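Common to both upcoming complexes is chain A, partnered first by chain B, then by chain C.
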Partner chain A sequence: MRKIILALVLVCVLAPMVSTAAADNVIKIGAVYPLTGATATTGADCRTGVELAVDIINGVYDLDLPFARTAGIPSLGGAKIEVVFGDTRGDPTQGMAETERIITEDKVVAVVGGYQSGVVKTASMAAERLKVPYVLSDATSPALTERGFEWFFRVIPHDGIQAKNALEMVKDIEAKEKVDIKRVAVLWENTEWGANVALEIRKWAKEYGFNIVADIPYTYRATDVTSEVLKLKAANPEVIIHAAYVSDAILFTQTMKALKVQPKIMIGMAGHLDPSYLETVGKDGEYFFVRAVYGLDMASRKPVVAKINEIYKKKYGRDMSPNAARSFTAPFVVADAINRAKSTNPDDIRKALLETDMPGSSLISPYDGVRFDPVTHDNVLGKSLYLQVQNGQFRVVWPFDLAAVPYVYPFPAWK
Partner chain B sequence: MILQLATGGLLLGCIYGLVSMGLSLIYGVMGIVNFAHGAFVMLAMYASYWLSLFVGIDPVLGTPLVALLMFGFGIVVYRAIIGRVLRGPFLARLLVTFGLSIFFINMAQFLWSPDYRMVQKSISRGIIMLGPVFIELPKLVASIGSLIVAGLIYWFLRKTKTGLAIQAISIDRSAAALMGINLERLNAIAFGLGLACAGAAGALLASYYYIFPDVGTMFGLVALVAVALGGFGSTEGALIGAILIGIIETLGGFYVGPEYKYALIFLAYVLIVIARPKGLMGWGAD
Partner chain C sequence: MQRDDIRNLAMLVAFAIIGLLFPIVATTRFSQHILVMVVLYAVLGEAWNIMAGYAGMVSIGQAAFFGLGAYVSSVLSVKYGVSPWLGMLCAGLATAAFATVIGLPFSRLRGRYFAIGTIALGQMIKVVFENWQWVGAATGLMIPLANQGFASFQFHASKLPYYYTGLALLLLTLAFMYIMERSKMGYYFKAIRENEDVASGLGVNRTAYKLIAIAVSAGITGMCGTFLAQYSLYVEPEYMFNHSISVTIALVAVFGGSGNIIGPVLGSAILMPISELTRAWLGSSGTGIDLMIYGAFIVLMCVYEPEGLVGMARRIGASIKAQRERRGAARCQNS
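Let's look at the complex of A and B:
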């Protein structure tokens, strides 16, 4: 009996050693997302983007994307990438703990993901402390790259640029429609991300001569938003800019309809892109403008977008959402750095990341490419789009030269 | 505007009240705080969603059915888990419902995905105007439902033999047992009734609110405060506490600032507990 137990113990101790030896040709990267909790649908959606990206890197696909036609990382003998997922539950404390766990226990050589800026803030602290590169392609608070972190890189344009774009779009519509729009309301969920969106909107509104007539923060887990919406209604805004996650986006849309809040332009972001948002609110989501870094319409200029969507649809049974497309980018940036570094040492990867120079053609986003600012590590080639929901589809409507269809103005009466 | 806010608060409070009354009933009889109450509301919302999707029963009309289902489910959960744990040590009694809550939420996520769902056809849709005040019909229906349930509980506790026995238990367990009251059976009934309230709340909520695995958490939390505010063990207290919370939430949210509305609720709770440790209408033994 004792011998059997001893043998079992030996197996338990030795097996992991053997498996790590055999798994030399696997490179582990970590991805943290809110896989449970109020933003779980978005987390699951982001996860599909990362999974598909890694699939394309590891497998052989006839696509015009880096690493598609080769299996694995070419410079490391076709080593495969394996993703270890961590669940942040949408909570900064949990996000940090999970990032630490996957770095120290699973020994990942780089981390991607996060989605919520408030969670990325703490998760990236863990990566910085443990000296592992963190490549972010899906959270946008400007404060994240203002901290002078050495191991933190961001591909997506931050809210400063996005806020500026939102008001530029309003200006463009104003000029085209020959109307005068002054009254802007900003509605924001009160964590890191929403607070920074509001900050940037206030700054750029002043710059472009808009008046902020309502400035309303709220808790994104709220069960009822009657008082917020009544406050909004009392201010009678012409433009509503709403920084929301998914459950609050649904709740506000329903409450605004019930209380007949009627602006001329309705602008959403993040939560409004979640597939379950439109599924839940249905026709009430029509004609919202939503800021994004991806739109299926882009296929007319980037054929690879349509091909990726085809593969995605086959695998997950629906069109690739802008959120999934955001998360899709980071694994490629990491793979590109590992390939050039010819190493899985985090420090070598970090050095390679600093020299990243990916062309726009290697991405499914509208960016001109990926190149990091040497100080902030923000992507200097980032760019964003505005989509409008028309007949249940997200159509690219701004910038006008990239528009697939004309926009609809003003926001029609609720039905 | 103030009328609109007060109405909104009142409606919200009635819905919170529906969740709270079941919680209060369970505490009063069994002396355990049901942390899984929010999760049970969530399960009832899913049940109601499927009844409307597959069987075509409107969530509002299906309320008694869902309440009945949840009553049965409550008895089963009590017999299988709660009843056994009640005989265990104090800590186990405290934590069992916590565990159940985590289990049910994760089970829902695993089995039914984290997607948001919504009952697309419901008889209570739209708005009615009462002078200058907008009233959302589904919330009004849910509030009326809540008051009906409150009335039923009131009647049950005061006019039926079982109800009187339940009251006797919440006043003094040992004395009640000595008088020949079957504690085990009544515990099960009280737990079932508590869940039936959660079921009614879930069904009425499902008529207008979105459904996802974590939906009950915030309702459960607010209900806990409402029960503490109203006095543990008093179902009327729970309803009044919940209405108070609804009004504080909307009025405070508007006049003080939406970011503080949950802080205000908890502040009110702290103040009331300092002034009246047993809550507004609490009378149970310590």
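Let's look at the complex of A and C:
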């Protein structure tokens, strides 16, 4: 027995000594994701997005994306990008340790990824302490960019912007339908995310001249929401905005149907996008608007989305998921900065990141482009999409210039 | 002083010297991180040891005390600008006080019921903090970056100051346990562990001594919470009250061998590097092989050496001694 233990110890000790020698003209960037643990499937999904992005940057592809037609980084003699992955296990301490490890041991010149806001908090802190740029394209907590970090950049719009977009969509529908919508209800689960969404909705409702007629929090993973829904019905809102994870989204949809709550516009967030939501509520989920930052449907206005999805499908055997699509963007932003900096010095990359100005056409996301706010380093051109469930599918309906199909208004009577 | 005592003391001193000199080998940031984790979990394992190994109250909810300590110092530092060092002291005192109050009903629970109770405690306190707006609820608190140095308890350039701070905490804890083991208190703890009713019949005030064990254990655990909060500069309920912290603490102590001073230190010195190194080498594959290797170690240990590393060392020591005696006896016969 003792021999077996000894052998195991030896394997563990000797394994890392067989390290591969780094090739010349390779630029290392780090990517940290929860590759094991409860969020492992999501982490693996995000990883595929980064891998594909780097593939496209390094290889030659006939695509309308930056770095696709050239191999590697042009300004550095076609230097290839190599990704070093780190496993956060979904834990903030490990996320920090892994980020530090890949920065100090693998000498990566920039870091991307994270996925979970809580883990990104410590991982980005590690990058800040070690003065290496961190480009995030997949976590949305507003708190992340409120810290005034110098080395931290976020491409994806945070929850606040996504909430603001919901009201902008209502405004657009109002104008197009020539109706007057005033009464908005906000329904939110009372953890960090839901509370932030409600805060932003209140702020922007005031700005856009809506009245909040009901502001109803509820406990995450509620078991009965009849009283909440009755309150909602009494307020008689024209628009219902609901921040929910999947189980609450299902319960509220069913209760609203049972009590015949009849708004003109029904907007859901996050939970409504989960595949199990539509599987459970079926036809009752029809005509809900749901926020997203990616939809395969965008291909009708952005042909490159379909081409990328084709390559993705060939490689991984499934359609590109919204999570993979989110992670896909950050490596391009980093490559763009390195290319303009003509250097792999982290400080030069940071300066180049501050001057980033990528057009919307260079992305598979619905953003108008990438340009960072000089103070918060949030992407000022970030924008979310709104999808509508039509015949059991999520179709892009807003912004109108990216819409695949027209929206359905008003929300029809429950069947 | 008896021979055994001298040997133990010598071992402690040797440990201290090894600990102080270790950073000469550990020059990279990652190896320093592993060292920090080793000392942190060694202290946590020792704290668990006081309560479970000596006084026989097996806790699987140490994260409750750990998180509470992290929050006390972080709230004090973020909201009132109190120095984290003072915060650490407050964290220790506050968690000890909390544990005493909680300990009153808990000390009536025995054996597995106590363990179940502690699991529940860990989960309940997490829910409270997830909903408590004043301490940031589910968002948690970020400790703002400050200039590094001992005044701010933040070190950015190197992790060694964190390591030495943790080592100091470990040596203090070990010294305390060394004295405790030789005092009346240590014997009372062991008596309660072996048979509560008999101990009580012999005049040991069991409630009082159980409360002392819980309070001391919680106080040290709370201070470790402050340590991790300053190390990662971030507290969040899901992070600080995570059940896996409770499990790891118990694991480290049991793996090394509970009920004696050196066990948890050995356990942490073996388990933490395995956990960190397997993740670093194999974690990026995303296949979970690292966790399987880590788990295999623990299973092997539980199956073949339930007494932990200390038990293994004792057995090997005994067999060497027996062999020597046999050889000695053989020599006598030959001459």
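The rule is short, and it goes like this: the second predicted complex is superposed on the first by the 241 of 415 C-alpha atoms of A that agree within 3 Å, B and C clash if a C-alpha of one lies under 4 Å from a C-alpha of the other, contacts with A are read in each partner's own complex, and residues count from 1 in each chain.
To be clear about the criterion, contacts are C-beta pairs under 8 Å (C-beta built on N, C-alpha and C of every residue); 3 or more make two chains touch, one makes a residue touch a chain.
Fair warning: this is a prediction, and the values are worked out from it, not measured in the lab.
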item: Partner chain(s) touched by A:D87 [first = chain B, second = chain C, both, neither]; value: second
item: Which superposed partner A:E174 touches (first chain B, second chain C, both, neither); value: neither
item: Which of chain B and chain C A:D138 touches, first, second, both or neither; value: neither
item: Which of chain B and chain C A:D378 touches, first, second, both or neither; value: neither
item: Which of chain B and chain C A:M125 touches, first, second, both or neither; value: second
item: Partner chain in contact with A:T280 - chain B first, chain C second, else both or neither; value: first
item: Which superposed partner A:T104 touches (first chain B, second chain C, both, neither); value: second
item: Partner chain in contact with A:R147 - chain B first, chain C second, else both or neither; value: second
item: Which superposed partner A:A258 touches (first chain B, second chain C, both, neither); value: first
item: On chain A, the residue positions that both chain B and chain C contact, one per complex; value: 35-36, 40, 43-44, 190
item: Residue numbers on chain A that touch chain B, as the complex places them; value: 35-38, 40-41, 43-44, 190, 216-219, 221-228, 230-231, 234, 246-247, 250-251, 254, 258-260, 276-277, 279-282
item: For the chain A and chain C complex, residues of the former touching the latter; value: 1, 4-5, 8, 12, 15-16, 35-36, 40, 43-44, 47, 84-87, 89, 91-94, 96-98, 100-101, 104-105, 118, 121-122, 125, 128-130, 141, 143, 147, 190-193, 195
item: Chain C residues touching chain A - in the complex, by the definition given at the top; value: 28-30, 33, 130-131, 137-140, 142, 144-145, 156, 228, 231-234, 236, 238-239, 242, 244, 274, 276-281, 283-286, 288, 290-291, 293, 296-297, 300, 304
item: Residues of chain B that touch chain A when the two form their complex; value: 1, 4-5, 8-9, 12, 105-106, 109, 113-118, 120, 127, 134, 136, 208, 210, 212-214, 217-219, 222, 249-254, 257-259, 261-262
